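Listed after this line are the structures, all set down as structure tokens.
Below are two complexes that have subunit A in common, paired first with subunit B and then with subunit C.
Let's turn to the complex of A and B:
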């Protein structure tokens, strides 16, 4: 059998970074700062990858695939606006630190499954803080300013929510709380969260949280009527939302026919479709297209920009990379024997997968558009850091399992 | 057309190639990983089959001892068990599932190996008692041993 070549993908990653940043260097009047920043990011990726491989910290491919996705994202952001790109690289640096911090904390603490109350309390506290001190951006009141940094608490709440659900689904929390069966408690907490998110008008997160809930019930819950009841509730809430909320009516209307009001409401999605169409197979090349016409191109619509400048093959490659990432995450989840870790792994993978599906489906007009970030690719500090944190948890889960397997072999 | 845009459009082909090469190299690595794991699993499976084949011909009976608590528990008068091992607990996936609040999800297991019957506690909350003494890990079983767990009691008897 051929020996596993762990270096080849790393070399390709380096090649991609070198060529990409030379191109950005040319586009920005040969400012040396660009090269330094690019070099910094490349070294960061290599450092994380080599630490993971050399110290045998679990699955080797998760970070490798995520690094490639981030490289594509950062090159696109640097081409759109060099300042945003540089800021994104700073966030990736912070994300790398958070990755190892989460890994260490999750790996060493073994009583996560007993703290469901803490997760709910933290989640609700974050919601209340957002409602009181929050700042409104693009119609959603979901930002908090702390000095120089602004962040979205809803991204952190998603992880806490998955950890809360896992407490119940791993059967480590079976005692009724205030005479309410845990199964109903998960439902109550979910609907309270959705109420808070509705007050914040953060529709994208509602969709993610509720889909995670439905999928987790589908995977774990033995009482089948609970699943159907929740699906029915979702349909009813969606219909009521469509009937009474102007915002949702606009989104669905634009999805059905963006050309009806192309200069105003349908402008964003129409520009996105134009961008995807004009790319061709191999794309126009970084800097040759005009993705600036799409509003919010650096966060929600980055996939359209990638399709325009890197072509349909580039866009498909991004999707394949995401597929590989989710495949590895599910593999880690399936291999785990600890029930709590299994549930957390499944929940976090679902979170990534649903977010990717919702936003890529949205910008290609496959489903109605809701604004959320594409994990690892879009610009956004909280998004990058929280994605890194989730990846750190999955990495820790795979490392725990690996360590156990190694001990079993020695005995 | 400026020099930059020419270079950039040429590089777009290079980028696509690099990304796909990257994807293929990662898939190749994952594929090799799976092949290795598949071999290991097959070996383990073969081992466990060999074990089961020897112990599958041995049977024993767990007879339930009648007491007051039995009125609200669904339990048979006796269970015939196989030497390849049975798990007794509250979970529906257990070989002998007893839905009683003092029985843990997976309470204890009984199996046969090389001439002896064994009993092992599976980390139950209320413990498993063999002839009145709480068992820590694994004990051998003799005929007419009394196994108490969560207020219920079995008598173990080997079948010839």
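Let's turn to the complex of A and C:
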């Protein structure tokens, strides 16, 4: 009977896929393409899940929950534009490969905690590359083109940043660097990153990075004043930013009253709120709404589209799914004995949680809007692949713990 | 393990954040979503019109008052009578949204819920058939032209609105509305306010109908008062209109000549509780359930004293009423004490098949039939040999009451409410001329008389 525990959610996933894609199939004038896309994705999920279970790769729920989120995302994307949906599935396929690759690499290498310098160097190199070769999309200069594909280095930098912080917080790096105490180094690196991100005008990522930093200090740093000093710095920087940066003034102004300038500055958020408000509790039904009125609907604003067509209850379901995902991730983190893995687990979990909170809060006007993607749901190669990579790391952490347990049992 | 304890705390904080997000989402949907969804900038509201031709609006004889004309890609909402119905039907603009009937009956006009098979490429929405009589509406409009104010004419037995005019008004056709929007909104005379049911005015002496009703119920009929030209109580001093002194005068004669001293005394002696109670029975402080969202007539005192009651008794003080409500009060006297819920949409039809049909409903029964008879007699005498003589129609008994209401400005509002024929009432009318500076008997009564005559001529 114990095995049924994790099979039931897998059946639910299959059911959701079958029903969802049949709906999109009907809404899209019975184009068979939709069914192929759906079938492809379902096979992909089942494949990933089977490998996971058969090879005993740790926690069995993480991937299931993420798959459910991806299903909702792809359903929405297919409904918006079948080509985008199909592309997203290709990305999910690549993401799956990256997931297993990250898993294997992370699982087998045991000196991650010694390489803090490499993480910083890589991070800064990525920033410099972005600044030099980057292109501007929607006011943020955070994309670079490699051949036919574009990607956002800042997504990768976030993972590197967490791994860098963990070196210090697991007490594996205690020697001062150029006479600078590691604690100050973490501060310096954080602020340098934030400076780079400001140059790119990527406010969403700044918010994510800085919040991770504050929470990590709270968890690990024993020096109390350092936490307060950083919070004070954040408040001061925010106030200065609000006073002098037109960008931030506009965002806060629009958050306080989006209706003052609906056709111009408040356009995005107003369109998002219109979509959510028009959906009601149960939504207009997949294919019956007009989510194409929302700008950036397949990336940042996908949550509003979900609310319009699947209703506020659909949106609430997405929030609860995310919550389950973090809960599982937190659980993995708590069960880990290895201090480095614990710190990485906590950091990555926070990254997921904060990113989700910031973007869902933003599009519902709960907090000022800063554009970032919704992990696993939004369309986007970098977003999907990096989310998968982070999930791979957490998966590996849970497997490492299982391995330890097994080894202990054998002895 | 110190770090685990702190990680759990962080988990709690994150959980709280997500719970807040969930709560906010539900809150938004419960309390804010409706006003957001109906924001004119929400293009979704116009989506339906790509597939549905908005329904036509007719008067009671089938005359077209509003229709959607399609010429290729351009879809236009046309109002053949222009401004005449701007405060009944409202407007329908992609920029500024919809108002009045266009808004309240939006889903009917768009044929929502129509599950029939549709022929051709476009569906047709449902049509509205109004209770308004176009010829009477035009006539009433002419009577009020150039003035500010409102006229409401209704059928006492059913509550059917026969004519409803509010001035100043505006050109409702979308193109012209959008062009002139700023000047319309900034105009100090507020042309966007539908005065007939959204305007709040002190009713002045027309409210003595209500006071006379409570006096009758308390056995004051036939009582004689000493009229010295004004009511004096402490700080309060109310003079009769035109500073007239009537000497010894009965309650009934006091009603005919509209003596303030008599009615202030009645209001004061009966006290605030009774005045408030009768007012609420007549529908003050209540929603009249009109087809279009209307203002509530109101008495606004934190604590009403007997002095306040003396003022309310003559329709002043903190008492404000809408013209449509005054017409309802008058009509309840005409209809043996039964106050009907007013309505303007008689039926909703699709290709002449009735989909919804309004039924006359009793809104309230404020007074007994005896009391109504008593008031009717008083009102007939007002027109026969009192202040309302200019509303008289040759050969027909008219009942009515005049009012001249003081307000914040220098110039009084002129009022008249009445119905005819007195013994078998077919029409009840309320007329208010905003800041006309004239007396109700001189200016409002003739207008009301003309409208009733015009309707009864048929």
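The criterion applied here is as follows: the second predicted complex is superposed on the first by the 405 of 411 C-alpha atoms of A that agree within 3 Å, B and C clash if a C-alpha of one lies under 4 Å from a C-alpha of the other, contacts with A are read in each partner's own complex, and residues count from 1 in each chain.
What we mean here is this: contacts are C-beta pairs under 8 Å (C-beta built on N, C-alpha and C of every residue); 3 or more make two chains touch, one makes a residue touch a chain.
Everything numeric here is computed off the predicted structure, so don't read it as measured data.
Novice: Can A:283 be said to touch subunit B (first), subunit C (second), both, or neither?
Specialist: A:283 sits against subunit B, while subunit C stays out of touch.
Novice: Answer with first, second, both or neither: which of subunit B and subunit C does A:293 touch in the superposed model?
Specialist: A:293: touches subunit C, not subunit B.
Novice: Now for A:16: first (subunit B), second (subunit C), both, or neither, which partner does it touch?
Specialist: After superposing on A, A:16 lies in contact with subunit B but is clear of subunit C.
Novice: With both complexes overlaid on chain A, does A:39 touch subunit B (first), subunit C (second), both or neither?
Specialist: Once the two structures are laid over each other on A, A:39 reaches no partner at all.
Novice: Determine, under the contact definition given at the top, whether A:259 touches first (subunit B), second (subunit C), both, or neither.
Specialist: second
Novice: May I ask you to decide whether A:309 touches subunit B, subunit C, both, or neither, giving the answer as first, second, both or neither?
Specialist: A:309 contacts subunit B only, not subunit C.
Novice: Taking the contacts subunit A makes with subunit B in one complex and with subunit C in the other, which residues are shared?
Specialist: Comparing the two interfaces on subunit A, one with subunit B and one with subunit C, the shared residues are 320, 327.
Novice: Under the touch definition given earlier, write down the residues of subunit A that touch subunit B in their complex.
Specialist: Residue list for subunit A touching subunit B: 1-2, 4-6, 8-9, 12-13, 15-16, 19-20, 23, 26-27, 60-61, 64-65, 68, 72, 171, 282-288, 309-311, 313-314, 317, 320-321, 324, 327-328.
Novice: Hey, which residues of subunit C end up touching subunit A in the complex?
Specialist: 3-4, 6-8, 10-11, 13-15, 17-18, 20-22, 24-26, 28-29, 32-34, 36-37, 39, 41-44, 47
Novice: Once bound in the complex, which stretches of subunit A touch subunit C?
Specialist: Residues of subunit A touching subunit C: 215, 218-220, 259, 262-263, 270, 273-274, 276-278, 280-281, 289-290, 293, 307, 312, 315-316, 319-320, 322-323, 326-327, 330, 333-334, 339, 342, 346, 350, 353, 357, 360-361, 364-366.
Novice: Along subunit B, where are the residues that touch subunit A in the complex?
Specialist: Interface residues on the subunit B side: 4-5, 7-16, 18-23, 25-30, 32-33, 35, 105.
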